[in-house]
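We just call them A, B, C and D in the order they show up, numbering each chain from 1.
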Amino acid sequence: MPPVALRPAPELAVGQWFNTPSPLTLAALKGRVVFIHAFQLLCPGCVAHAIPQVQRIERVFAGADLQVVGLHTVFEHHAAMTPVTLKAFLHEYRLTSPVGVDLADAESGIPLTMQRYRFRGTPSSALIGRDGTILHSAFGVEDDLALGARIASALAAPIPAGVSRPAVAEGCAGGVCAVERAA
Amino acid sequence: MPPVALRPAPELAVGQWFNTPSPLTLAALKGRVVFIHAFQLLCPGCVAHAIPQVQRIERVFAGADLQVVGLHTVFEHHAAMTPVTLKAFLHEYRLTSPVGVDLADAESGIPLTMQRYRFRGTPSSALIGRDGTILHSAFGVEDDLALGARIASALAAPIPAGVSRPAVAEGCAGGVCAVERAA
Amino acid sequence: MPPVALRPAPELAVGQWFNTPSPLTLAALKGRVVFIHAFQLLCPGCVAHAIPQVQRIERVFAGADLQVVGLHTVFEHHAAMTPVTLKAFLHEYRLTSPVGVDLADAESGIPLTMQRYRFRGTPSSALIGRDGTILHSAFGVEDDLALGARIASALAAPIPAGVSRPAVAEGCAGGVCAVERAA
Amino acid sequence: MPPVALRPAPELAVGQWFNTPSPLTLAALKGRVVFIHAFQLLCPGCVAHAIPQVQRIERVFAGADLQVVGLHTVFEHHAAMTPVTLKAFLHEYRLTSPVGVDLADAESGIPLTMQRYRFRGTPSSALIGRDGTILHSAFGVEDDLALGARIASALAAPIPAGVSRPAVAEGCAGGVCAVERAA
């Protein structure tokens, strides 16, 4: 069975970034694996399940060639979830990976990146491979075991030709990569 | 840093098997990834945490080239955890992968396979790579995210030369392997 | 609305006791509140939910005028759940309140006390008031908040006339009774 | 041992109410049991543990003579937790009992009611008896079993002389009070 043609990951449209000295673009991240998690700070499922999972990803894959990116995709209660409140939220929930405020679309109320990724609500996520294609996308929170496997499979893929290897620290999360490299 | 030399996985010493028509040996499983989980049916941590995790592994990696093997490593309350009770336990907990009764060692009370793997208690586990080496071993239950990553990393390794590829169904669990193969 | 007439709690039929120097009878417990929990040691719902709840009851109501009584109501896998295995189970799960082995009924396979209380399976429970009536009976595990309220309500009832007050330690669990007594 | 003299519950100082057509005062609630929970919408422990417990209290004690009162006690990130954001929070978390915004104290940054109750942070709670005294106060989330028992004990206390019985529906939550009344 030939591999399914995967959709190229659309570029991010972000108005304001937190937890990063300079804006991120997928173009610049090519060659690395990227995990995008879309959330709203007043979304109960995000706060109870998705954000803790992102914290576990940050911890387990610390040192791995994975870039975690949060997207605050506000599509309701716009006046209640401003960047001022988001900043305090990120502080209280100890999220340390970069988070961008998805650019508002005045017409629809649904922000631009959320539209481009066809996210159906929050929480949602997308896993982007080293070649810049969307490997997997989900609405709701996934099983940790399956998600850990998906991320590791993506990390095991070779870096595409013509992409300069990004500078990352040697060694991986909790011995995870040691296995892979010894093989 | 050169890869650490990994220890070859010792063969299993099992007196009685459940959930399999014929006994398993690691020799015959070479070329596949093997996840061994050691438990006792009256061990609270096994029942509360390890067994449910094994059930999740069975589900998430169904169809993957992974063999899950349970080991009933009774090292205390021997008269209370007989094969009769184990059989009913496996039925009630809906474990479907093969489970072997670790061979008793009359002298020490600690069964033989448990000794060979240097398991310090229950629950314990060992992940064995396609080349028959122990990739990781743990006492206690691990994080699902890290475990999923470890198993997927082991599955991503090439089948060693000289090992005939075991017959397994194409495709993998919940789309996990699709990602890897498309890459 | 007149109170519903409550059914008198049937006497226990127990073949063997653990965690008590002498057999218990409901007749002798009259005047106290009694919480009976019926379980089987290989019942997943009992082990995952009911037994931990009993442990919380033992802790929160330590010192209160409450007698917790376990009943091992084996109605399946009889050969797998013998008193030898039960004894090790009670040790491993650190249950400290008395547990009786419900008397087998050779004809039906369903033990006698279980029949008398019309328990539909395991886990089940019955709350018996100071006057010896069944205040509440349930199949499955109940919400802690509702159960705590039920037990406290039963404890707040006056000791029936003609019943000599049983000797119990003054003071109650975690300040729970302090409130009641100050009122 | 004579009962400890309990402290009278200080009156609430609230700037704005949600989920109630008219402001609440403890003076008007005398004769009923009151459960006050203090929270901040960006406090992780509140959102993960205290708010779900309040929802369980609302459900289990629906119909009981208990008034649940929320207090939004903002003592940090003031600009991030405005009433606009609180309103959306209450909608998303489906809290239906009255919630008041604790009055800010310009000098200390710690709101007035929070000071009066000497709450050390969020989440905190106070249980107020029918006679208007504080029966119990806690910082952090308590065990459901103990909390259910405390509320039921408070409900079992007689209504003080001179207090006109408040109009409440007969019968109680999930049969909880039926037991108490039949006794």
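The rule is short, and it goes like this: a residue touches a chain if its C-beta (ideal position, glycine included) is under 8 Å from a C-beta of that chain, and two chains touch if they have at least 3 such contacts.
The model shown is predicted, which means the values in this text are computed figures rather than measured ones.
A.B. asks: Please give the intersection of the contact partners of subunit A with those of subunit C.
C.D. replies: Shared contacts of subunit A and subunit C: B, D.
A.B. asks: By mean C-alpha coordinates, which chain is most distant from subunit A?
C.D. replies: Measuring from the centre of subunit A, the most distant chain centre belongs to C.
A.B. asks: Between C-D and A-D, name the chain pair that shares the greater number of C-beta pairs in contact.
C.D. replies: Of C-D and A-D, more C-beta pairs in contact link C-D.
A.B. asks: Just curious, how far off is subunit D from subunit B if you go by their C-alpha centres, in Å?
C.D. replies: Measuring from centre to centre gives 50 Å for this pair.
A.B. asks: Rounded to the nearest whole Å, what is the centre-to-centre distance of subunit A and subunit D, using the mean of the C-alpha atoms as each centre?
C.D. replies: 39
A.B. asks: Would you kindly tell me how far, in whole Å, the mean C-alpha position of subunit D lies from that of subunit C?
C.D. replies: 32
A.B. asks: With chains as vertices joined when they touch, what's the shape: line, ring, star, complete or other?
C.D. replies: ring
A.B. asks: Check the chains against each other and report every pair that touches.
C.D. replies: The list of touching pairs comes to A-B, A-D, B-C, C-D.
A.B. asks: Would you mind writing out the residues of subunit B in touch with subunit C in their complex?
C.D. replies: 41-44, 47-48, 77, 79-81, 84-85, 87-89, 91-93
A.B. asks: Using the touch rule from the top, collect the residues of subunit D that touch subunit C in their complex.
C.D. replies: 1, 3-4, 6, 53, 56-57, 60-61, 127, 129-131, 135-136, 143-158, 170-171, 173-183
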